[in-house]
Amino acid sequence: MQRRPGTITSTSPPESDRRRSSGSGGETRDSGGAEIDLISLTKTYESGDVRALDDVSARLAPGEFVTFLGPSGAGKTSVLRLLAGLEFPDRGQVLLNGRDVTSVPPQRREMGVVFQDYALFPHMTVYQNCAFPLQVRRVPAATIRQTVDAVLNTVQLGDHGDRYPAQLSGGQKQRVAIARTLVYEPQVLLMDEPLGALDKNLREHMQLELRQLQQRLGVTCVYVTHDQDEAMALSDRIAVMRDGRIEQMGSPRDLYRNPRSQFVAGFFGKMNFIPGEVTGSDSDCVHVDTELGVVRASRESARLSQGSLTAGAPVTVAVRPEKVSVTASPPRGTAVNSLALTVEYIRYAGAFTYVDGVGRTRETGVVACKGPENSDITTGEPAAFHFPVENTFVFEREPADQRGAGKPE
Amino acid sequence: MQRRPGTITSTSPPESDRRRSSGSGGETRDSGGAEIDLISLTKTYESGDVRALDDVSARLAPGEFVTFLGPSGAGKTSVLRLLAGLEFPDRGQVLLNGRDVTSVPPQRREMGVVFQDYALFPHMTVYQNCAFPLQVRRVPAATIRQTVDAVLNTVQLGDHGDRYPAQLSGGQKQRVAIARTLVYEPQVLLMDEPLGALDKNLREHMQLELRQLQQRLGVTCVYVTHDQDEAMALSDRIAVMRDGRIEQMGSPRDLYRNPRSQFVAGFFGKMNFIPGEVTGSDSDCVHVDTELGVVRASRESARLSQGSLTAGAPVTVAVRPEKVSVTASPPRGTAVNSLALTVEYIRYAGAFTYVDGVGRTRETGVVACKGPENSDITTGEPAAFHFPVENTFVFEREPADQRGAGKPE
Amino acid sequence: GEPTSAGSSGNDRANEQPDSPADIESLSGSVNLNTSGGVVDEIWEESWWARFMDETGVEIRTSSPADLSRLRAQVESGNVEWDVTEISTGGQYLEAVEQDLLTELDQERFREYFEQLGGDGDDLMPEAVATHGIGHAPFATILMFDEREFPEGEPQPSSVTDLWNVEEFPGPRCIHEQALYNLEIALAADGVDADDMYPLDVERAIGKLDELVPHIATFWSAGAESIQLVADGECVMSTVWNGRPFGAQNEDDIDYLGVAWEAGIMASSYWVIPRGAPNPESAYALLATYQLPEVGASTANQVGYGNTNTATDELIDEDARPFVATYGPNLEVLTVQDEQWWYEHGESAEERFSEWRLAQ
Amino acid sequence: MTPPARRFRLPRGLGFLLPALILVGAITVVPVVRIVMISFGDGLANYQELFQSGVFWSTLRITVEISVASTVVCLLLGYPFVYLITSFRENVARRFLLIVVTTFWISLIVRVYAWMVILGRNGLVNDALVGLGLVDEPLDLLFNRVSVIIGMVHYLLPYMILALYGGMVGIDRGLTVAAQTLGASPLQAFRRVYLPQSLPAVFAGSMLVFILATGFFVVPSLLGGPGEMTLSVYMERQTFFLNWGSATSSAVLLSAVSIVLFVSMDRLVGLDKLFGAVRR
Amino acid sequence: MTPPARRFRLPRGLGFLLPALILVGAITVVPVVRIVMISFGDGLANYQELFQSGVFWSTLRITVEISVASTVVCLLLGYPFVYLITSFRENVARRFLLIVVTTFWISLIVRVYAWMVILGRNGLVNDALVGLGLVDEPLDLLFNRVSVIIGMVHYLLPYMILALYGGMVGIDRGLTVAAQTLGASPLQAFRRVYLPQSLPAVFAGSMLVFILATGFFVVPSLLGGPGEMTLSVYMERQTFFLNWGSATSSAVLLSAVSIVLFVSMDRLVGLDKLFGAVRR
């Protein structure tokens, strides 16, 4: 990811392809990372009534960068705690390079943890905090100074070494927490929202640093973030969690393109959801009757169990705005997935434009996303919203109050 | 902002126009909010050598929603602390509705604070934490129960009332902090990254709730966030801070369209920066010589002091990617701001496409952003990058290592 | 050393000698008695106090402990609440006299009350009535040994000086932790006669004590401790206050404690009337009651400490006699401590003794 | 996500501390067991005797009264003091601490004597009161319950202060300030936020001082009125005749009473729940 | 952004605490001033006398030695104990605490005798040793420095435990665990992370126990060997003769020595800096 100077800063929208293409730019990985197996991890906190983790299994390849994504309380931190050896699972195992480490104490796992709440040592300066992991490893003092100075510069805190954590701003504390973990280059990096308190520029700088370090050392990374862009930009794979379970795990592109449930679909990028009922299916398509008309989805993109394929089953149709095209001319009557809607609203949003179309009842609608080019679509006028059957998903309908699940704005 | 059901979720790119348009959707404000004046606030922390705040002045209208934005350590939290009465300024005053409250203790300012690190009471349950502000106001117990239950439901923690803070996940804690402050509907809301630990869906839900509450009660809001989208979506005005000073303050649209410095320009959205030197100026335009060729900017969009207008002054030219259009045909030799570059890279990013063009040395380049439509531009081929003089900014060049300033990736 | 106290004497009531003759019938109200506390109180309650109340109708209110600094504070602050208090041995009495804290006793008055109570003034020992107080239960520091080690029939220690007789009576010893008594005993062991004892030759005594050092297990400080040490076998013999082995025999069925009176040292604490005492007449009567033979005998019979009335002897039980200091035969072989010497030289002697102890 | 401590199991790697635990157990429990055994040496006889002894019960009552009062007064004086000094910079706070602690080494007797002089009929206080014309007659300030408690407090206060200091110095004042931004008055913020967090220190400190107070006899016997005989004086008397049976049984009873006292205080104040939440 | 406490000024709204501060000041300082005045009653005479007295210096030395040793042993036993029990659930921890504290109320004298019985020539330990054939002759376990310290520790340990408990119960174990994830062994994590945070409690507890120890004479005089005479015994002798001048001057000197001791310990261990950082 060596960058050209004099160029773009700031955020980018979902780039599901970026990972793949930028992989070539990185330096070659050595095989320093560890393979991690999570086997049926289950955890209920002593005082809690809920299962924080419920049968979580996953295999992480050496040097892989895996992000755990999910709504607040989904169990992301709990996964990290079990991995780091801070908690003991009720059931299940953690394997490190095939070895069962479930009951190995934290300090013998060689995992670096960036804690969600930083866990800085209040009685040590920034410098001392960062030197700590090296000192306990008996690194020579001169090396320590060099290394710590370097890592503090990386996190842009080179001149804050003598401060105590209480004398730092929130983002500065977070950077100390990162620096303290990076400084000793652990085999496995566990990071719990390590960049949450940083502004975009710094965050992107840090993302780059993290990714470079991770690739240089080939460490296996387990990452937690709430920032979907960040997850997409950094991760080889993403695990979407919900209520203590992994809902789906795959490459960012995979999750974006092939979400397995309404929840996952709603968790990445934008998505139109249209409630409906199955009316039937043929060899290619599933037919769904919605308020806006009949919608068809290819069999591959219909994520329905056999039971839900029966007519009358409540389902949700989903399609991404950028897969929806809008034309001012009314749709031909027979065209598949071409809905006649009224343009309610056109939002010009810097680089592109959103077109909101609503049905007759104005209760349901579809949003299309198009480039900034002008067109002849006008607010209040009818327009045709088209989308391909292969990009149309059908999910079993989830209860509306499902926490964190693509909750309507 | 009443929403249609069955619609879009998730993030949106910079929408500088959104505030204006959505304003009409809100309920009418009553005049419950307070006017706040910050007058020349200066603060140096006891143990710190740096000025956390340096002559910060601002006036906040009643019911206004003002966001403080800026890199980590810029002084955002410090502003809030002074406002809330947690710190005493070295110099300067805080006026509340014209009354000097600089030395009024926190509990008599009727300001609600959501602390960056939550500051939850560890010995109280979630419910007790939220009931606390009402109890000290001697609200009847029945009312307290109702109100707290309602606010806990708003933050989706209705079933967590009996937990202690230590038994919550990071995002849950943050929501308790918000709930505890919202529950007593203060005159002024000070929120320090209140949504930083929440996933996008929940965050957008909370944004909506906050905005609705703020408009319903007409409270004045001072908000800190690192999320530019959030800042743009919520704020009436944004104050961009750097190194303890307010760099620029204005509406989101204003900041996006008329950044007053390279720093502000780099802090919002994407921006192409091209270093160059002033060669001269005429009545309409400033001429800048860059590696990519001569660029002109209108006098209005050139943010140069008289001194910097002299030939040879180092400046930075800036233009937003969405203002750049690309054509495959080579530029006409005389066209203004039409640069002949080589297309190095085309990134398809879901709803739109970025085109990276580089100059001969491949050291400098320009990124254009266009809709998803296909065109005849090909990687490796030359193309013309055009942008209007009135959308071209010229700033005095800032040192490269300026912390947080649109740092090149 | 004189304390530089701000509190000066402000109450002269004690110096107003009453004009009326002593009349036990005329007494009324109450009297405040301060004792050093302890089990003896319970015995006194039955014999001494009951008798006094019978005779006078005056109520007794008791308190404890006896403490010189509190006495002084009372007198100096003008808050005197005690009519009679005990005052400890070893120079404190003389110190109190010196500091003018006590009422000077009217000997005649005391005798009058004593005789009105049925006592015979001639039975009183010379020690019984001093200028500012009456001798309280005299006690002796004597030798106690473990009869399990030195059983009857075999040679038994017969004098306190047998502490030094390590050939005949081997085994660890314990002695008191202060110079008081130890110096006298050491000199006696070094051959000094009772008559030549004072002024004490401190260095000579220390020299003699040096010889004992290898055999000293520990120093005891509290009365009960000396018994415990022998009972536990920590030492085979120890100096002891005469009432203790008697008590151990009575109360705890420890019947293997032999005692030797020869060369023991007798001393006495005092009952005094503080200057400014609120009820001086009742105080006289109370003190007079104390010296009655029946009163002394009842304590002697139970705890081994009598009073200073020679008539008490006859009332002492047979099995108590070996343990009572004022019992004639025992009294004969005891050396009476010279309080004046201790008052004058006590501090430096203690200092010297401490120095010696610390050198061990 | 600072990991909270595990609760149930012996913390990993702390096995090596077991010997200390056992040693502490041995050193504390073994003599106690012996003492309890001795107290039951004659079956229940010792206890029967005690229960019938009026002196035991009145001294026990006096002891508990004096100890409770002294503890409460120490707390009332010590707590605000510590609250205040822990809000100063640390080195200032510790300077205050040292000053207070200095007074420790003034031997108890000397101090008691100083009080006698101060409180006596011709003492400093009375001189001042009379001199100012506030009273006509010198007041009887000495030799009553009040002078006992003054003396006890003087002796015990530094211990209370030290015990509180160790616990209160670490409490986050930030939360108190946060409470104020939520509308609590400083007093409310203190009572609802700071106080609960300081309760473990209060608990430990009160226990410590109470215990010291019960075992204490010099002050009551020197400064107290005629009737102020405490249990420790009573117990010392019992050892006059090696009367271990009754000395030990009264000790056991005092322990029992004190523990009942503490446990019920604990329940009453609801410390139980508070501790749970504060401990993390 | 939990607001750290202000440092310099009297915290807002705490003005009403000033009376407490003043009262504490009065109660502690006034008698001390008086005592210092008395000690200088004859000019420097009292001090000259003291400085020349060999006994004063040796008893002072012995007192300091015994007190330091007892404090250290109490710390070595009490700290791990508290460390362990504060890692249990809170109610379990407090149950342990109560057990330990029970032993408090066993009158000192009774306890000392219990030790005599245990350590004596015919005591439990010697019986066991001889019975097991480990030694031929009973060992001299009693009446030496070791038995003094055992007795002192037995008496003082519960105080140390209480003082430590109040401070250590609030320490965040999470940071220790965090240190372990950074590669520290449990011991390193303890030493570098937990220990520094517990130092205020250690400081307060040690001071408390040390002070108790210096004022303490029953144990040394009952369990000590012939040469174990402590300063408090010496001072008691002085007050016996109402020799206030020398009693007060030795008290003042002991205070001075102890304070020097604490201040230099403070400096040595660098507590100064640690306190600063821990306090927030």
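Going in written order, the chains are labelled A, B, C, D and E, and every chain counts its residues from 1.
FYI, contacts are C-beta pairs under 8 Å (C-beta built on N, C-alpha and C of every residue); 3 or more make two chains touch, one makes a residue touch a chain.
Owing to the predicted nature of the structure, the values given are computational and were not obtained by experimental measurement.
Taking the definition of touch as given, a chain qualifies here only if it contacts chain C and chain D alike; those chains are E.
Looking at which positions face the partner, chain A and chain B present mostly the same ones, since more than half of the interface numbers are shared. More C-beta pairs in contact connect the chains of C-E than those of the other pair, out of C-E and B-D.
One simple way to say how far apart two chains are is to compare their mean CA positions; for chain A and chain E this gives 56 Å. In whole angstrom, the spacing between the mean C-alpha positions of chain A and chain C is 92. Inter-chain spacing, taken between the CA centroids of chain A and chain B, is 23 Å. Among all residues of chain A, those that touch two or more other chains are 77, 86, 105, 115-117, 119, 164, 170, 192.
Contact of a single residue of chain C with at least two other chains is seen at positions 5, 69, 222, 228. Contact with two or more other chains is made by residues 1-4, 7-8, 12-13, 109, 113, 117, 174-175, 177-178, 185-186, 197, 239, 244, 278, 280 of chain E.
Partner chain C is touched in their complex by these residues of chain E: 37-38, 41-42, 46, 53-55, 58-59, 62, 109, 113, 116-117, 120-123, 142-143, 221-222, 224-227, 229, 233-234, 237, 239-246. Within the complex, the chain A residues that touch chain B are 3-18, 21, 45, 47-48, 69-73, 76-77, 116-117, 156, 163-164, 167-172, 174-175, 192-193, 196-205, 208, 226-229, 256, 266-275, 320-322, 344, 347-352, 354, 356, 358, 362-365, 367, 369-373, 403-409. Against chain E, the residues of chain D that register as touching in their complex are 2-8, 10-14, 17, 20-21, 23-24, 27-32, 34-35, 76-78, 80-81, 83-84, 86-91, 94, 97-111, 113-115, 117-118, 150, 153-154, 157-159, 161-167, 169-175, 177-178, 185-187, 197, 200-205, 207-208, 211-212, 214-215, 232, 235-236, 239, 244, 247-248, 251-252, 254-255, 258-259, 262-263, 266, 272, 275-276, 278-280. Every residue of chain A that touches chain E in the complex is listed here, in rising order: 84-86, 105-107, 109-113, 115, 119, 121-124, 132-133, 135-137, 164, 166, 170, 180-181, 184, 186. On the side of chain C, the complex with chain E involves touching residues 1-5, 68-69, 72, 90-92, 95, 99, 177, 213, 216-219, 221-222, 225, 228, 232-234, 346-347, 350-351, 354-355, 357-360.
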